[in-house]
Amino acid sequence: MIDIIALRRDLHTHPELGFTEFRTATKVVQMLSEMGYQVIYGRDAIDDDSRRGLPKLEVLEDAYQRALREGADPDIVQQMRGGFTAVVAELQGDEDGPTTAFRFDMDALPIRESELDRHLPQKGQFRSAHEGIMHACAHDGHTSIGLALAERLSDRKFAGKLRLLFQPAEEGVRGAYAMVKKGMLEGVDRLFCMHLGTDVPSGHIKGSSAGFLATTKLEARFTGVSSHAGASPEEGRNALLGASTALLNIHALPRFSSADTRVNVGILEGGTGANIIAEQARMVIETRSTSEETNLELERRVRQIIEHSAAMHELSASVETIGGAIPIRCDLELAELAVREAKGIPGFTHAETVANGSALGSEDASYMIRRVQEQGGKATYMIVGSDLPASHHHPEFDIDEAVLSPAVSLLERLARTL
Amino acid sequence: MIDIIALRRDLHTHPELGFTEFRTATKVVQMLSEMGYQVIYGRDAIDDDSRRGLPKLEVLEDAYQRALREGADPDIVQQMRGGFTAVVAELQGDEDGPTTAFRFDMDALPIRESELDRHLPQKGQFRSAHEGIMHACAHDGHTSIGLALAERLSDRKFAGKLRLLFQPAEEGVRGAYAMVKKGMLEGVDRLFCMHLGTDVPSGHIKGSSAGFLATTKLEARFTGVSSHAGASPEEGRNALLGASTALLNIHALPRFSSADTRVNVGILEGGTGANIIAEQARMVIETRSTSEETNLELERRVRQIIEHSAAMHELSASVETIGGAIPIRCDLELAELAVREAKGIPGFTHAETVANGSALGSEDASYMIRRVQEQGGKATYMIVGSDLPASHHHPEFDIDEAVLSPAVSLLERLARTL
Amino acid sequence: MIDIIALRRDLHTHPELGFTEFRTATKVVQMLSEMGYQVIYGRDAIDDDSRRGLPKLEVLEDAYQRALREGADPDIVQQMRGGFTAVVAELQGDEDGPTTAFRFDMDALPIRESELDRHLPQKGQFRSAHEGIMHACAHDGHTSIGLALAERLSDRKFAGKLRLLFQPAEEGVRGAYAMVKKGMLEGVDRLFCMHLGTDVPSGHIKGSSAGFLATTKLEARFTGVSSHAGASPEEGRNALLGASTALLNIHALPRFSSADTRVNVGILEGGTGANIIAEQARMVIETRSTSEETNLELERRVRQIIEHSAAMHELSASVETIGGAIPIRCDLELAELAVREAKGIPGFTHAETVANGSALGSEDASYMIRRVQEQGGKATYMIVGSDLPASHHHPEFDIDEAVLSPAVSLLERLARTL
Amino acid sequence: MIDIIALRRDLHTHPELGFTEFRTATKVVQMLSEMGYQVIYGRDAIDDDSRRGLPKLEVLEDAYQRALREGADPDIVQQMRGGFTAVVAELQGDEDGPTTAFRFDMDALPIRESELDRHLPQKGQFRSAHEGIMHACAHDGHTSIGLALAERLSDRKFAGKLRLLFQPAEEGVRGAYAMVKKGMLEGVDRLFCMHLGTDVPSGHIKGSSAGFLATTKLEARFTGVSSHAGASPEEGRNALLGASTALLNIHALPRFSSADTRVNVGILEGGTGANIIAEQARMVIETRSTSEETNLELERRVRQIIEHSAAMHELSASVETIGGAIPIRCDLELAELAVREAKGIPGFTHAETVANGSALGSEDASYMIRRVQEQGGKATYMIVGSDLPASHHHPEFDIDEAVLSPAVSLLERLARTL
């Protein structure tokens, strides 16, 4: 039987960034196959062109080689080469019934993990072995819960069909959309998504969440003409002038009375030397709103500002969508079910139907939830509480491992109940 | 015989802005007609559509009514109504010969004249009677010189044809272009333009000038959509955001290695209240360069920045040329002639061929000079020195009236010499 | 007895801007005095230095002279010269009891009133006689209601003391603060403020309002050094560069998670000519927030941006507060009282306790309301519905005069009831 | 005897960036020592704290280790560790006389060298072995000329003292200043600096140069506070807003009438992710002017804009000078000497006294030249022509190796002549 704490610590030690979860996903495929699940992965589980914010080829390749060095099964990981790290597994229950799906995310963050002694992974010797990468948002816990759940349900003592979705690249809200596009949510009647932590203490469970924001992540590139800043400045077309103008004007977009909004240019970089008119600049932007429609309007205005900030200085500009999410509207029926089931499980002391999900900002499980609802199915996004020594995305973030097993029990009950 | 000092003082007391020189031009027409000149004026002397930076209709009309109140001949001024204040006069000499032209400008500036006792017009009681308008660039002197010259040459004792050009709206470099377009420089063999002062002391004369800059004056209007800044900011399209972006980026245009350049947004105004998203903004811009070609390139870039600063915020924008000048290249032959002739005139102690004209910036006599040169004629722009108590365009500017008569004598000699 | 419709039309024909309500306030003083009220006005009713956004002296003087020409009582209006146009009247009831106050605003807007025939004031020949000024926010109605109310209550058949506050300069949220500072709200137990219209239809009455925003209105002035843009641009210190930089960065201030916010630079103007580096620029700004504290933080940041945008270009800058308001929290007790009383009045068909006041944005009655509540009193801001042919501040705005009389009746009942 | 072409090709194959010329400088020390020169290097030849734009420690260390791997003498290079790569050598002639100095620069550029067959270093198999670094400005030729000159003069058949200065980090104008500060130019009577190429063809020689610009290179760092762009944007202090504002306003600095100017922000980079308010931003700026004084004024204004762009958004800012140069005024006497001497050397077909040096922009030999002149000495900056297949700093740049030997002969003659 899976030692869920050991499994979580193994994953914690080997964190992998979005679309490079080669070791993690390979392990998931192996374990699920051994349990008797029918497993789909690689290009079969995720749509190539719909993947957003894909890392550069050399980054993908370096991570791939690292996974091989760390013992990933060569035959399996080969199918994932190039960033196809989604896994979907199915199992038929011993009775007829609806299709119930559970979604788990697998990726880590570009954060250097704390080396302080008070940080349990450091003290317990399972700190990240991948310098500069860290599981600082509990996805190691999520994946472990998913695998332990799979093991328990491998007895097939449930009605209907079980589908387990292991998603890459939740950070940056990049991976879910491409799994939906590949059809991985077709036929799902009930979808349960979950997150550990998010300011909810250990022992508490929230059956659904509200407050996730619609968001779009964009990457803009400005291309001008370089020239010698002393000898012929007028022959240049200055990409940094265009980018700085865009940055100021994007931030100066109006507040909306129709909905709460956010806008941020989080990265700007360009130019090569003091004496060169900058030829290139790159910008990473996000928009957010409580309203999907308002978020789209904000995105439209951001793109327009970029286009004309570039044209003003005779630059060319391109804008690529590198991430996105929509608001989540959970089905109360599933939330209530979760609350009911939680009550019988030791380890849960409080259960409520609705959590405020704004602590997380945005989630691309939203695309999966909407797809299920579009087909007439029900879906919810639950929060399983966990005391945290530091906030999400902090170098000292850690989960309370005591909550893992009750979480598995809750999901097990949800799978076995109609 | 004309009392040139009294004439100058009369003009000084009644200053009129560009294209509103109704009283001045009417007086010029009257006096020249009485001397026997053939006088063209009104729509016959200036091209309607080529007039740049024309004041608003109500401004033109107010000035027109003022001229009537001040005794302008109603029949003559009627022909100038609406801003047609150019006058051209011709006289045939008693021998055959080339056509020699002289150009004088007539307009004043929107400056409130000093009331200090040390300011001669105040002390001598010929301070401006038109509050807020002032002859602070010596054009009252120029016009007086032109009329006194006309009187002396009315004896027809010269060879060839004499043409006197009295130009409106030199300030803002607006009027000369439209006289050229109307054909007022056709057939001119020799053109003499002149200016008093410009850092050249009394008694000095420069036969030509160098250093005038090509320039373009533009007026841009941004039109957006107003909305309540509290209730629905997103419904507005903010003209001030577009205009401010344009202003910063216009100033941020590169220095040119090909020529010296200048660029300035001299006026920006827009918006109506704190709680309204600004619907309108207006901007006045100038570009300059030692190179006409570089000035055109600068103007092109300014227009492009305006267009896209507007489009960025979904504003419409229009840009109108309200003034312009080109560099002046004087013919040394005429400069040398002027120097030679000046030597015999009491009142001139020094004469040189070339002055640095950059003290004046730009001059639209440049269009007249080029037109003459295009036809194979010769032209020059002379400086007649005058001690000044304060610099040009200053509320205490005044000319040394002692230089007026020698200046007339110099021009008279130039007209009588081949 | 007062003909309230005739009175309103007289006021409508003679609209006066904030702090220039010389004719209106004089009439108010006269009428109230004749009714037996003890009337305080001029410097006794408003604190000199706390008046915000006071017009220039010549504007105040012109309006003062106009009021005299239009028959304002010279002795009374003399006390208001310079913009002291507040009036406060008191009357002791025939029994002991609490002090009940009513507040009415008197000022008009700088809007040119419609001349379309469908506009009733045009058709009915009571369109504004002050070109460019208009009662487009119903304050003519408010003042009329206040005077009619005074007349009805002049019988003293009520318990306690009655206080009537006639406030200048509500537009721009400028006048109430200075009346509070002068002590005009001291001792008030119950304060009723009201507004006509605001999207509430005729016959409806709302006993209180929610949603008013805290706001600050600022005027910033940038002073640099002018210079000739062609001859010596580097000697200038460009006020427009500083102002444009401030404008963009003020709009680029972050959204707040703590509260809803707004920020707007509504006016920017500076510079005198194309060829002059601009010496002066002026900017009018507003901040708003659902939270008073967040509004203060926004204001702090705006001031900081102005200071450093100026210093960046070696300009000096000054910032003056020209208006302000705080959020309003109404006492439900008074709202319920108003609803109860309205039910017995013909002309009111619907009554509710709470209206959404955000349609108005901000109101400086908020300072009066807070002062009353600070002393342990109760206050509310009621909406008396009125069908409107056009929205507030529109050239075709007009009120439904049929609602005036029922409004007086409602206030009368509130005054007579404990 | 030195094979100058082989030597140049060896240096070309092993290019080293500024302050990392460990292999090159070690070779220079070794060769000069063997020839009998008294050699000063390491901390003795350059002032530690005056070195500008020093690379990061790890960059210095990596280059140091590479030099060791490539066979640099460990005892010598050890003295240069940390970026002390200047070398100064002296030799006493066999007669008394003045001190004559020659200056050579040794560093390469961060450019990836062309692999095209038409590029001689590629075809001749001496292309850069240090990927991404290239001798694209002829400094390999300069160093080779210096060493060949040293060899010829090692016979001591000259009057006075010979001093050879091998300078690091000319690119970015960073190294000369620190050698001057260390006193390496003290006592010099005649200083000859030279450059190959610069649009002067093979066979031509210019005895001096004009047109070098004063310049300052600055690095600015903005530090704010990061925060989650969705959850709490107002808690951040956005370094990119400050940096973009600075960038626009730096470019918008006025043109100067006092001198020609240039200003450029060549690099801007900041921020870490779409959803994070950027905490850090970095900017690299240069100012230039034909006037040293104007350049200082420009630098002052740039620093002021940075300071207040930061303060406006509550950021801290630091600015470091990372490079600089002053204008060069050559002594005509030495220029004429060079022209005279060149006439006798086969290989030189044309000789002129003055070249326009603006093709190079700026040169920090200017500090050495000024120091010599301050002591009453004479100095010049000569151009030895070379046909070039591509312009300086281009991946296909190459020199005409046929000019190396005549250049050595010219310098030899200058050293032997008084």
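Note that the chains take the letters A, B, C and D in the order they are written out, and that residue 1 is the start of every chain.
In the analysis below, a contact is a pair of C-beta atoms (placed from the backbone, for glycine too) under 8 Å apart; a residue touches a chain by one contact, two chains touch by 3 or more.
Because the structure is predicted, anything quoted here is derived from the model rather than measured.
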* Please work out which of C-D and A-D is bridged by more C-beta pairs in contact, and write that pair. => A-D
* Structure fact -> If chain centres are mean C-alpha positions, then the most distant from chain C is chain D
* Asked: Between chain A and chain D, what is the gap in Å from one C-alpha centre to the other?
  -> 49
* Would you kindly tell me how far, in whole Å, the mean C-alpha position of chain D lies from that of chain B? => 51
* Structure fact -> So, in whole Å, the Cα centroid of chain C is separated from that of chain D by 68
* Structure fact -> Residue ranges of chain B touching at least 2 other chains are 231, 233, 238, 241, 245, 248-249, 251-252, 254-255, 262, 277
* Asked: What residues on chain B touch chain A, complex-wise?
  -> 231-234, 236, 238, 241, 245, 248-249, 252, 254-258, 277, 297, 304-305, 307-309, 311-314
* **Residues of chain B touching chain C in the complex** => 172, 213, 215, 217-218, 228-231, 233, 238, 240-241, 243-245, 247-248, 251, 262, 264-278, 281, 284-286, 288, 322-323, 358-359, 361-362
* Can you check the complex and tell me which residues of chain C touch chain A? => 248-249, 251-252, 254-255, 260-263
